[in-house]
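Encoded as structure tokens, here's the structure I'll be asking about.
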Amino acid sequence: MQKITREQLIEKASELLANGTVSCVLGWGAGEFGYDVTPTVFKTAEEMKTGFVFSDFCGANFSKYLVAKTQKTEGKILVFLKPCDTYSFNQLLTEHRFDREKVYAVGIPCEGMADISKIKAICGEGISSITAEGDTFIVTTLYDDEPIAIEASAVLAERCVNCKSKKHVAYDELMGEDGDVLDSGRFDEVARLEAMTPDERFAFWQNELSRCIRCNACRDACPACTCEKCVFDNPKSGVENKSPANSFEEKLFHIIRAFHVAGRCTDCGECSRVCPQNIPLHLLNRKFIKDINEFYGDYQAGAEVGSRAPLVNYTTADLEPGEVFNREG
Amino acid sequence: MENNQYLREEIIRMSGVNPTKCMKCGKCSGTCPAYDEMEYHPHQFVSMVDNGEIEPLLNSTSIYKCLSCFACIERCPRGVEPAKVVEAVRLIAIRRQGANRMTANDIPAMVDEDTPQQLLVSAFRKYTK
Amino acid sequence: MQRVGVFVCWCGSNIAGTVDVQAVSEALKNEPGVVFSTNYQYMCSQAGQDMIKNAVKEHRLTGIVVCSCSPRMHEATFRKTAAAAGINPYMVEIANIREQCSWVHKDMLTGTEKAIILGKAAVAKVNLNTPLIPGESPVTKRALVIGGGIAGIQTALDIADAGFPVDIVEKQPTIGGKMAQLDKTFPTLDCAACILTPKMVDVAQNENIRIFSYSEVTEVKGFVGNFDVTIKKKARFVNEDICTGCGACVEKCPMKKVPNEFNLGMDNRHAIYIPFAQAVPKVATIDPNACNMLKNGKCGLCARVCAAGAIDYKQKDQFIEEKYGAIVVATGFNPISMEKFDEYAYSQSKDVITSLEFERLTNAAGPSAGKLIRPSDGKHPHTIVFVQCVGSRCESCAEKGKEYCSKICCMYTAKHAMLTRDKYPDTEVYVFYIDVRTPGKNFDEFYRRAVEEYGVKYVKGMVGKIVPEGDKLKVQASDLIANRQLHIDADLVVLAAAIEPDKSARPLATMLTASMDTNDFFTEAHPKLRPVESPTAGVFLSGACQGPKDIPETVSQAGAAAAKVIGLLAKDKLMGNPCVAQSDELMCNGCSTCANVCPYGAISYEDKEFRMPDRTTKIRRVAAVNPAVCQGCGACTVACPSGAMDLKGFANSQIMAEVDAICK
Amino acid sequence: MQVNEYKPLIVAFCCNWCSYAGADLAGNNRLAYPADVKIIRVPCSCRVNPMFILRAFQRGADGVIICGCHPGDCHYTSGNYYTRRRMAALFSMLDFLGIERERTRVEWVSAAEGAKFAATMNDFAQKVAALGENKRLEDLRCKK
Amino acid sequence: MKVSYFPGCTLKNKAKDLDAYAYRSAEALGITLEEIENWQCCGGVFTTANNEVATKLSSVRALKEANDKAQPLVTVCSACHNVIKQTNHAMQNDKAFADKVNRYMAADGGYAGEAEVYHYLEMLRDLVGFETVKKKVVNSLKGKKIAAYYGCLLLRPNSVMRMDDPENPSIMEDFIRALGADAVIYARRNECCGGYISVESPDAAKKNSNAIIENAKAAGAQMIITACPLCKYNLVKSGADIPVVYFTELLAEALGVKEDTNGK
């Protein structure tokens, strides 16, 4: 389903390793199952040939890893960036989180990534292999005799269904064609919730958030959450809280987290992708983005390096907090 | 004094003009090429509409004298766009039943051999609904 | 653990009338950290203060909570008491149980209950207080004034008179600014040169003042009391120290068709020139764009005739670095371009001029030697039309013009009209106005004189179009009072062009981290209470760079700015407010979010080396707050995503503790 | 009448330069407002971290109000402009989660507006009291 | 290069010259004018009220046709140009208006103001380039003092028309210079001739037109050019004693295509 192949990427990486442009490659490595991948550093072409993976399950956004990796690595790191990753990449540069000079970014096209939970919803557990054939996935499981064929479009990740942009906003080199910023319906779900009564909204979120096990996966995957020390881990912050407990921080973790990334969140959707409880966390971020767009004019974090986020900016004519609720009339 | 809020709002809505932006400098009337033809002048249109005094304007031939040359729109320092106000008042007048100012029967008397079609078309647009 | 003493004040019956003070002091005894709690009739009295001092000694208190009136009333008092008792003044917290409790609640029960909670909150906070010491920084006792117009001149003279050295940086070859171009000044009509040039001479002769003319500020570093400034002294190809200003070079220079900017291009000057007779410094300058010698090496006449040998074709731009304690911005204004207002035919007729051009035309030292003539044919104009508000008071989103009132035009137009009628009674003078705005001492009287005594015809209305035809200017305008359209055949039209800040102001503001409004006027620290200070500490504002101003207003603001500078330079050390932001380097991401919201430019970034647990080192960018510049608003603390930024005296943990205490 | 019996707990964050002085002025003029309102002094409304607000709610506050200088009058020139944006976003988010929007408010009160301060607090306290106890943030994550 | 062309009512009747010269000159400059099929009259003046819809449909249809062909829409007549450009601007910026229009347009498919509208003069300046025009001139008009008469419709309102500086335009002067003649600058070149008021009050139109001609003559003009049939009519009717011609005629003359060679 992806237009670019694993082989093309390995070839590009090998070439850049060979000519000394980069000293290592930050890429997707094989995980436990075919559909789970893990960020891996490859030092040689040989390592890549054995361990590098590129498939419809390589949704992971690697921008965040550059913060730590650029500190530890001599020479440049090659990183493959899908369009949505490039926004995070720029946002981190805006925040001076890594040295641009130490990265060689190759933009790669993305046809949208698959959501394994959607596949599991169809095939159940026990998947032993998934192969892509054209626009179809062939899934074999331990429990079914016959492989199951699934339309790729039916299991596209939510964030890819509502892809905001196929355009790369940062790269040193581009493989394939660049796309455009898309007019997606990504705020439709937020708007649907907004149209509910407060009681319905409360019920919705109570149901969603009550599933949280405070595993911190959302935070750990989020490219905006790169703080040297997270407030939730810092005893001095007054909100320290590491484990699930029936206390303040526990309940408001997601609100605080969403506020901390408001204006910085590029809407990459990693939080929801990695949530083991399938909580639609991205909706919190999108609510902030939608509000900010509506209150202060359209703003896309990471669209350009050095832009000033709306929450750390103002005009004298901004709307009043009380007017927020009266806008509809 | 008359204060027709309904028509005031209607004119504001149709024209998209905010008459309160006017600072009463008179530049519109200073620049108007049809000034002498008018009973009420561009600045008065803005001020009278703002005050809800619409009937005198509706009943005046001034509404047919604006040339739509947009000089007042171009030169107004406050972006008030008086010509749009005049236009809105004219439309309200002309949309009233039987209010056409010109009919096809009037035409033969007006034309000469050089009269461009544009002239008749424009006049018709301005004088009839 | 803190040892906290609680002191509940009765304030006579002011507090004790609605609050059971005994119950409050009893209740607070049980709070964590509290080792002593008492109440007294008047805590702020000498006896009350002594009670606190004694308790500090007796109970070895480290923190004090006073439950009393508003901290805005007596916080300073109790801080002094604490200091006298030997503990840090910032270890005092006040619970406001008078204004915000006993005075607004009626029954004893609710009053007492709330007072206890407020007391608890104060105790919870003081438990987390730390001793704070105001930062100190030295002050370089030298001021920089940027701009050598009347604003800069007055500021510099006042500072110098107080005994501090001042440098003026002026981008033109001479100081004097716009005022030097004016003819007479309202409302007294004394000649501008007569009152300005003596001041210019004073500047030149004042031992405390150095003039960097033909110079620009190119870099500013540092902060209040300690600015490092780089000044570019542009090459003028004349040795300033040797040139006597005799003018022999100017006379001999063969390039004499250079538009004279001092006369706004209405006549010409030479390639080597002295802008005007009273220029300070009175030295020649070579215009490199006009001089043949500099362009193609042919000529050299001026060097040959210069007896002093001051001409130096090889002179280069010089960069001077200097330290300053304070910087005054006095960059002034310019009339806006009339390019977009061609309904007034400014580009089509030489006889449509701006008011500043009119000043030059009536100035005895101007291109027509003070004789009012039509620039096109030199004839005497009989009908003169003045148009006010050209480009002022336009809609904010207008494509041409400015939103604000330029403030000075009403008065100078009245002046021009009056002087014209006075000198040339055969003229007819019309002034078209929207409103005549003349607030100011003797201003309206002045305008009325123009009308009543000098017969100037004021017409309420605006000119819509000017058509040059033949040797006339056909003015079409509205007369709103008479409700008619006027048509006047004029000989000369004078446009009162809006004024705007000098173009050099914007880049300068960036260098100074001083804020500007959307019109590029400098923003004051507080529009009413700190009108001559920029929000950036140590940067002061003088004259029209802050907003349109006439001469009297400019001079008073210039003096005020000087007073502020003197107040600063008089100090040997600057004591900061200790309640300033502080960044925890270990947690700081270096993301610059805090610097974005800081109104004072107090936050900078540096690369720091950190030792990691695995013994490697890591270089990270981290924020550093300059305590001398920070004013302690706390905007950065909320903007900071990692919580690295905190505010001393109002720390996250302290406020959180107050919240917890109240919500228990 | 029974509806209004509930005594809410209200936390008011007041900027030192305007609203806190406004509250003092209300006191000077003996303009009564419910004792349920407890004021915390901050140097500027922009010092109020959303975490403080959430903490107050979580610890049982029924309403939180932030008072600052009128836009354009900030002692620090721009602090309240940031407050305005932050709180617009935060309160909209709380509303999105189904928390009653009447429990949060931002009000600009100058040092001269003692009467406004008292009136604001009376009005706010009354509205919050009408809602009764704040359970929703408490219950947002109730394990079923 | 092919462009869509909206001639307008007058160019097919009383101002056939204006049309014919436009065709021939364009051809000489390598541009094919492709006339909009079944074009309808623009209505002569743009009704500024935002609830006036039906009168603007003909312009929208023309715009849509040009856009469907991915061609810019070119007009010669100032009035058509003004109406079509203002309509297009409203389609782009006034959603409520565009929605109403698109309800009428349902059968033709929607339109949202995507087309580019050029006046013939803008086409010469921006698509052809006056330098190119200058090179193609065969009969230089050297020595002729020609005054450009813009009138109101070409330039105003500038926030929509975006053709030139509305108070000090230069596009027609540059055009005149490209043909080798001298351009005469005079202040009334952007004042109204009186427009359709000549129906009701011929004297008022005459007063305006006279002032324009006198102003041009005082500035030394020997000829006036215009892009608007109504302007031309009013100027001529007021008793102009210098020639008033369409700019396309001048262009055709300079390009040497004034005489009809194709029997067109």
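As written, the chains take the letters A, B, C, D and E, and residue 1 is the first residue of each chain.
By definition in this document, a contact is a pair of C-beta atoms (placed from the backbone, for glycine too) under 8 Å apart; a residue touches a chain by one contact, two chains touch by 3 or more.
A quick note: this is a predicted structure, and the numbers were derived from the prediction, not measured.
> By label order, what chains touch chain C and chain E together?
The common neighbours are B.
> Imagine the assembly minus chain C, everything else where it sits, and name the touching groups.
A, D | B, E
> Of all the chains shown, whose C-alpha centre falls nearest the centre of every protein C-alpha atom combined?
Of all chains shown, the one whose C-alpha centroid lies nearest the global centroid is C.
> Which chain pair shares more contacting C-beta pairs: A-C, or C-D?
It is C-D, judged by the count of C-beta pairs in contact.
> Measuring centre to centre, with centres taken as mean CA positions, what chain is farthest from chain A?
The most remote chain is B.
> Measuring between mean CA coordinates, which chain is farthest from chain E?
With centres defined by C-alpha atoms, farthest from chain E sits D.
> How many angstrom lie between the centres of chain B and chain D, each centre taken as the mean Cα position?
The mean C-alpha positions of chain B and chain D differ by 52 Å.
> Taking the mean of the CA coordinates per chain, how far is chain D from chain E in Å?
62
> What whole-Å value do you get for the distance between chain A and chain B if each is reduced to the mean of its CA atoms?
Chain A and chain B have C-alpha centres separated by 58 Å.
> What whole-number Å value describes the gap between the mean CA coordinates of chain B and chain C?
A distance of 47 Å separates the two centres.
> Name the residues of chain E that each touch 2 or more other chains.
Within chain E, residues 158, 167, 191 contact more than one other chain.
> Can you list the residues of chain A that touch 2 or more other chains?
Correct list: 231, 237-238, 311-313.
> Could you pull out the residues of chain C that touch at least 2 other chains?
343, 465, 597, 639, 652, 656
> Dump the list of chain pairs that touch, please.
Here the touching chain pairs work out to A-C, A-D, B-C, B-E, C-D, C-E.
> So in the complex, which bits of chain C are touching chain A?
By the definition above, chain C touches chain A via 584, 586-593, 596-597, 605, 618-621, 639, 641-644, 652-653, 656.
> Going by the contact rule set out above, which residues of chain C touch chain D in the complex?
70-73, 96, 98-101, 103-106, 110-111, 113-114, 117-118, 121, 515, 523, 525-527, 535, 579, 597, 599, 631-635, 637-639, 647, 650, 652, 655-656, 658-660, 662-664
> Quick one: in the complex, what on chain B touches chain C?
21, 23-32, 35-36, 41, 43-44, 71, 75, 77-79
> Quick check: in the complex, which residue numbers of chain C touch chain E?
Counting only chain C, the residues touching chain E are 339-343, 345, 347-348, 399, 465-470.
> In the complex of these two chains, what residues of chain E are touching chain B?
That would be residues 8-10, 13-15, 41, 43-52, 55, 77, 79, 151-153, 155-158, 166-167, 191-192, 194-201, 204, 208, 228-230, 232-233, 236-237 of chain E.
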